[in-house]
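Per-chain numbering from 1; labels A, B and C assigned in written order.
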């Protein structure tokens, strides 16, 4: 996968580098988990005593029961949703699903550590105490990295993606800490923290890795009938479980309830308007599968930051309404423009599905929370910096000729 | 999608009509949601006060935690279940999944309003107050419309389906109100309200839209190996999550518990008997994939109305036992008969999976509840009237030559 | 399905035998359920009184709400997970999904009875009282049988698989009773009870049914691009929901919480090491899809027995680390060895994914629980005996020429 047979110029053999990276990093995980990671009081065998001392009368009050169903939905979104959404390429479906699997499985371990140091450190013992909410946050973090993968799909080797993943998780944890803990913003569904960050991180890397001769593998950069249908599996599981994504770490009670309702409504609206724009811009009103697979999800991305707020059902409907339109226009007109004039090769169009709707979500949340425009500016800064500057540096690292990236004429091919 | 290239007689261009319908209806949704829809007390920020005034000590008592996991299962059934179940056609898989997506995404918004006016109106403020149960009911309502889509699959344009959806949701809300509120029946899993209504609504439309020359596209009205496998994804997710479907809005506690158990048992039995009949009626005992994809689900449809009742585990087993048999016979013998002698073209065989098992479910529930036969008659009346008469009128509307329906030789083709 | 057209020697017609077996057994189920099976106090209409007499103040304390979300995840694993994992064969995808459906739907009914007699019998009335935990256990039991199916895939008729299922469920219930109730071990995720048993049961049957001329259908014993992608649907749903599998029947509160965390971590590690070994042993570092589809799951199998224990997060990581390695080596080197030298034809490689990692899971749990090596020996005995001896006897029964098994040159073909 991600390799090729006939590239004289490039050494695409990852038989040494991939196992080496996997083993070194996994052993590091074992050591660091051994030093740092323990169960929190709700997952620990002391839960019985904890219940008594905190006057809790039932096991139902364990956070596990508030969040586990949502966690499983998020888990499906990360691995099946993102994985299959990217299977649309006719010859790179394994690469899409397989590398998603690898990146996310490694990323979530590193995320448990990075996010743990920032958010779940018990200062008295120096241990990270994990519970169900940490698992959800680790999955979210992998979501950010997988968004970046969308821009790079088919053009990078698995070793490069491991590097993208290592730095991506690190940058994510830092910008998340700044936004949530230093600037005290709420972003339960991660419009800014996940989508805008992941979007700009991926775009910056892709911009640095620009391939002028990518049209050599143009014949492979497209879909066939059944690969498009596999991609719909990804689309639908993302769309269906997005209410869980935005409500997974919202406040117990009305917070989770409202976040789910708002996201459900916003997503429904973005399907209808994405279909309208898609039909309007295509010959004879036919629908473009790319729009159906992607732009229909924009309402979920944009509701991330304000899902918990009292934005009211029609507010959610309006958000979905406009995001479906903006995202579809993005796929139709902005992506070709970016590729032609800005040398930005964005395989899955993450600019239109994640970067822009995420940004809009941030603005909407700022409006709903009645923030001063200065604060909004301060808020967006860490996301952009981490995304673009971090991405640029990672891109430069990936240009080193040691990572086994495929030649131009072997992109989008997992043979 | 749903269009064709070589039809001189028909204008199948939906480039104006589809976007127009989408935009007009979606803007209407925004306006109506703005006037009418608000969060209910469990999704509203006043939940904290509500808890105090109602002496509720824990957020766990929020209805969200009782119903959200079931809601997500139902959500998967509507979009992945129904969508992929209909992908079996070799050249209409996109149409099946894509139109399901569009119809249900629009339908659920209209259903929130229609069902809201009937069931969730706060008379003091004139507002519809929505919570998790409304989302489930809106999904159910879309289920009814998607059943009707099954009879029409491949023969109608997306604009026609939007019309079917608008009227279908409206009729559904009315017959549901009559049955549940005026006649005071229980039908938690919607045997009658969803399946029988959806079945007859779709069949009536299909009957009006009869195409005498449909055999021109006969070569497309069949499956290929992988399209049949995609359809199994739909079958399995429907089958697996049906216990959630029938228990989603059942009473808290033993009601939901019992509904899940009964449905689980009934479905298991209908798989075994559907396989038996399929093998018995085919050459050399081979299994017909159409039976496996559909008739195995009949046990779930028929348990809808009585899932909550104390029908006992063996009662459920008997229901599944007979429904698997009846449904498979329906696919084998009744559908060809209906097409030949009654001019009823039913692409997915909804007569055998929804209309008849749903009706049986209604009778079973009447027997279990020991209803007088007169009451049973009164009960079935609104379902049939709404289904057949409503469907006939909608069928006539769809005959207007403005909806871009495909020509006979371009049916079952999503080019 | 499972039949063939040109076999002079074998009578592969199951048109009489399959319906006969299905009807006789299903009628037996109806009779036995009628005599024995009732709802337990949490699913019965007396739940209201039960709450009062047991001083329970909320419906949330009904076990349904503790376990139903996990149950649905397990349900998906059994039918979609196992079913699609086995679709990798190019011409036997229907057989894989369809027979999984049939076997599990029948098996769970028989399991409700067998396990009910051992674990849920109300001695005062002689009735089996079932609730949500019984449904989970019935699904687990079907999991054991489906593991065995993995070794036999493509080489047996549906009638044979019904026989395998009947005896498999029976043996499972017996060995489970011995281990859990007589030897008082914990095995919440079934490392030994499910995986090792299912593995040896299937391998023993396959060994007895050895086909010396199986290479006649060698050209069908492989995958094509899209069949491998369908198999990834199975892999991912198994991988994603395994935390639910191992926590579904764990103790309320910290038990379920900890089991989910441990499994999540272990699985992540086994993905990374499986990828490392796969890449290391293949040409140019390409990944072998068989390893990605299977060995990545080994961490979940091995965590089964000790998921509930305080094994600590790094302990879980270490388990996954080594199991990913061992399982991948198994697929690469052990399976070919077993086939060549021990005449063991194991279509899906269940030896490497279930038998060995399950055994390791048992040992790990024994170490964590600080059991004497003698007790460990005593513990493994019933699993092996039931698996190998039971399997051998069932294999001999299946050699009778009445079950319609396919000829050597028609294996792996569902025409």
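Everything that follows uses one rule, which is that a residue touches a chain if its C-beta (ideal position, glycine included) is under 8 Å from a C-beta of that chain, and two chains touch if they have at least 3 such contacts.
Nothing here was measured: the structure is a model prediction, and the numbers come from that model.
Counting the residue numbers that touch the partner chain, chain A and chain C have less than half of them in common.
With angles rounded to a multiple of 5, the C-alpha fit of chain A against chain B returns 120 degrees of rotation. Mean C-alpha position of chain A lies 33 Å from that of chain C.
Residue positions of chain C touching 2 or more other chains: 60, 65, 69, 226, 233.
Chain A makes touch with chain B in their complex at residues 58, 60-61, 65-66, 69-70, 73, 225-226, 228-229, 232-233, 236-237, 239-241, 243-244, 252-254, 256-258, 260-261, 264-265, 267-269, 271-273, 275-277, 279-280, 282-287, 289, 292, 296, 310, 312-314, 317-318, 321. Remark: chain A residues 1, 3, 12-19, 22-23, 25-26, 29-30, 33-34, 37-39, 42-48, 51, 58-60, 62-65, 68-69, 72, 75-76, 79-80, 83-84, 87, 93-94, 97-98, 101-102, 105-106, 108-109, 112, 130-132, 135, 158, 226, 230, 233, 404 touch chain C in the complex.
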